[in-house]
């Protein structure tokens, strides 16, 4: 067991967004979190990464030696403990170069052999950028000048630059063409194979989810309505109901 | 070389080492000046440098961290008063009291660091309120008063010559620039570029934004304090009215905006330009120069919103095209 | 004590009048207008000038305020509208420049003397109430500000223009998409801002001497009440203005000379404990900051 | 694009101007010339012509101009006549600028003598520069007692220290019948006024009048509502306003609202600007005040005979009546003139000589008798004036030698 989410509840101004959400994530596993819009997926991520405090419930991260309770840690601590994430709307520093954006993540990683000194840091960053296969000649061009696919890759690179044990992808495929999506998902799989990290994967594009995920958690109106194997998920009436309902609405 | 470029603070349009070199060169040049200048010109340059110093210190918190402080004068003032009390009342060694001035205002900044939780306007107003509150406290409090009963001012004996002060200020200028570049090139300064863009993201990728902000705030307060501490004996008389006046808080903002916010060179250029203009306006237009000054402000915002550094950036881009210092890969 | 409280609140009414203008500009245009104090002072000066021409007080107050409103629209049209797209702080610096220029120009027109109208039957008129004396002008101030508040309330909730303003305040893009006349609404907001602020000044000139260089003070005070009351929240502004007035008055009764210190320390505490102000901020001011 | 072009042009303009400016400023050649080699005499000074004190600074400026007119730009130095020039700058009441400009005057413009700045901080700044260059300064812009301590012998001050401001009035009051028992003092929140207020309190105590009430008024607005309310509960015979006319006007207005009754009102240092008459009108009747200078006092003047003529001529030229700032500013160059007339031709602007001459000075001039004490502070008593009659004419009532009317007491005030 890698990550353990134990009936989280969160409500904003009386409006309940998450109610007793709970699921587990085994190490090295890729788990999709799907559900219609406004189901509370991003809120869930924000709770796991410490942006919000849950009203009730706990989040535990099991690293090889210890157990961390994420629900009472500050976001940057959580990130440094090896929880990398990407953001729903692409958020990088536009004035900096691709390389420097990755560096922003890299300079905060303390888990692996501490990267001290310019040279080490540089090597580590380059390693990360190569891992997400960004064309080296693009490294030193301003982030505002590169296409959206590369932006997504930068976020990916920045996340893995923290040498994480858990990576959270928040709709990383949105706005990408089918080809780009495939490339990105392939990258994620490859990285998982190489580093053996576990991944939490929020996505609307069910095709991508099917490609990537071993298991899915389906959330609707802040409640877990399904948790299990990807293939059973779309046989489950509740899930179908939720999705059909969405299409109807 | 490449690594240096990589650890490049946002807005520094040239490489860190090159900037250092530039500053040292400038300082050296300045040190050569005095023999050729008369006392007035030396004084003019000294006050110009003082404006630049306070503007640079403001730029660290206001420009790089995007916290528009409207009460930066408070640190300037505290520095001046701390120096006055240390040197005149307790007779502490001159240079030590200068440092003390800086340390005192850094301390106040540390105490006041909770106001960094505020954002945008609230922060601006909070700093303004801080300025007023401190001014009134210093005016009423017996300890900070001058040596006479009602007189809230401090008078200093003339100890150092103008040249001496000038060299002192140049030294401080160099030290400050080095510390600023050092900070901006450190992981904290570099991180400031991130949380200026999007704080949520910055924390999401493991940047401790609180620490960054507080460090920047303290550093900028420290240098503002030192500047005030030098200003006080130079002007030889300070009082709460003059030192805690709003103009010491507005000036750095205007200077930085003239030169270009959020760039190391901006305040320096802005300071030179503004002082030169200001100086000429005194001479030519006795009663109209404030009017012209205002018009100039408007003109700058209308025609030159990014300040003169914008101009600089254009230049460097041109000059980078020639030798690809930062190859611009156009992929659209 | 209660008497002092009421007196203070009356004195505070002027802050409410001055503050509302600031509040709508902050809420709808999303800018901090350092030219605000000029509206106040200019209102006072124009009123004095018109009164000197022999107009009756109420008429000179009215005309003065309207003129300032027009001036405000002029500034908005000519200068501010051009830089609205730029960063919040640049606009602020622009208004700072406008304030400097306006002040100097006023100096050339009106001279540098203060203005203070002490008119028998107006300035020294008082009401006696249970043996307590209330200056008539302060009472009128309070009444005016209360009525202005209800007027505002009506305008904002029951007229097309008010609705437009609110939509713009919430989200300018949507307003543009809806095809609303954003520029026009900005002008309207600016006009009301100038009008009410100048009205505060025009009343004040009958109560206190107004000098050319008080504009900074009035800008900061309206800034203060607005932030204290929650930006864009008219009711909050009103209440916080009354509170500020009361505190200033009472503190100058009991700890004279420290009233400013008290008010600023209070502000600091409020900002630190409740950065959004005492009341919920209605309009998304932060959108531009 | 078009816009871009314009911007670029604008930029070029700015850049070039500023580079030129900086170069011009910092590397203009240093010409050195002994006094009078330049063929004219130059007096220089800086005034806060823009900013909060612009109003007062203009008075100084006009007075200086008026002096130049009077002597039609000529001055006699050591028996030889030279053209006289004034060089004024604007320091915005910012001591930083005052310091720079004074330095500039002495080094670049080669000013022979200095004219006074205005305001405590600027004058202190000016003083320390003077000390550095061993020049001296006749100051009419600051009254703080700090001046003696720091600049005794460097700064000669034409206004007495704070404790003289109400001295004459108080010793007039002490002889009144029926006598006044209690007093209330209003103090604007500024060091110099605190100084004055304290002095008043002591002097009143000396004559057995106890101060039962003292209130500090914030400088930003002259809000006196609370002060007057506090006064209501006290039994106050006389009110002393240590501030200036603005405060008096506000006070009278508030006091009338609450129908306060006083036996005697010291309107403070009434600078007799039109402001008081315009705002208060008939309400200022029978209010007393102190002033340095009044045209009616008929003090002597070299060029106009007496102050009355002086006032008339000045009004013709500038369209407003003289008041004390003008007389004082007019004094400064005149004193220099009197001294330089028989200076040593070889070194006419020798500081020691001028200092000695100033200490020796004892003449009847438009500023009354000019006599400096050993610290370089003028020995001068204020005139006590009262607004009398139906049109509130300003009459001098004390000291008796140059009184134009008798004090109206007990008088009905605030009606």
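All chains are identified by letter, namely A, B, C and D, in their written order; residue positions are counted from 1 within each chain.
Operating definition for what follows: contacts are C-beta pairs under 8 Å (C-beta built on N, C-alpha and C of every residue); 3 or more make two chains touch, one makes a residue touch a chain.
From a predicted model like this one, the values you see are computed outputs, not experimental measurements.
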| item | value |
| --- | --- |
| Mutual neighbours - chains that touch chain A and chain C alike | B |
| Chain of greatest Cα-centre distance to chain D | A |
| Pair of chains joined by more contacts [C-beta pairs], C-D or B-D | B-D |
| Chain C-chain D separation of Cα centroids, rounded to whole Å | 35 |
| Between chain B and chain C, centroid-to-centroid distance (C-alpha), Å | 33 |
| Separation of chain A from chain B, taking each centre as the mean of its C-alpha atoms, in whole Å | 41 |
| Residues of chain C whose C-beta touches two or more other chains | 104, 257, 260 |
| Per-residue overlap in chain A, given as positions that touch at least 2 other chains | none |
| Set of chain B residues in contact with two or more other chains | 290 |
| Pairs of chains, among all present, that meet the touch criterion | A-B, B-C, B-D, C-D |
| Partner chain B, residues of chain D touching it in the complex | 6-7, 10-11, 14-15, 17-18, 21-22, 25-28, 30, 49-51, 54, 88-90, 92, 94-97, 99-101, 103-104, 106-108, 120-121, 124-125, 128, 131-132, 144-146, 149-150, 189-192, 194-195, 198 |
| Complex interface listing, chain D residues touching chain C | 50-52, 54-55, 58, 189, 215-218, 220-223, 225-227, 229-230, 246, 249-250, 252-253, 256-259, 273-275, 278-281, 283 |
| Interfacial residue positions of chain A with respect to chain B in the complex | 49, 51, 74-76, 79-80, 84-85, 87, 91-97, 99-100, 103-105, 107-109, 118-119, 121-122, 125, 137-138, 140-142, 145-147, 150, 158-159, 162 |
| Touching residues (chain side chain B, partner chain D) in the complex | 33, 36-41, 43-45, 47, 139, 146, 148-153, 155, 158, 231, 235-239, 241-242, 247, 272-273, 276-277, 279-280, 282-283, 286-287, 289-290, 299, 303-304, 308, 311 |
| Chain C - residues contacting chain B, complex | 26, 32, 79, 82-83, 86-91, 93-94, 96-101, 104-105, 216, 220, 223-224, 227, 231, 257-258, 260-261, 264-265, 267-268, 271-272, 275, 285-286, 289 |
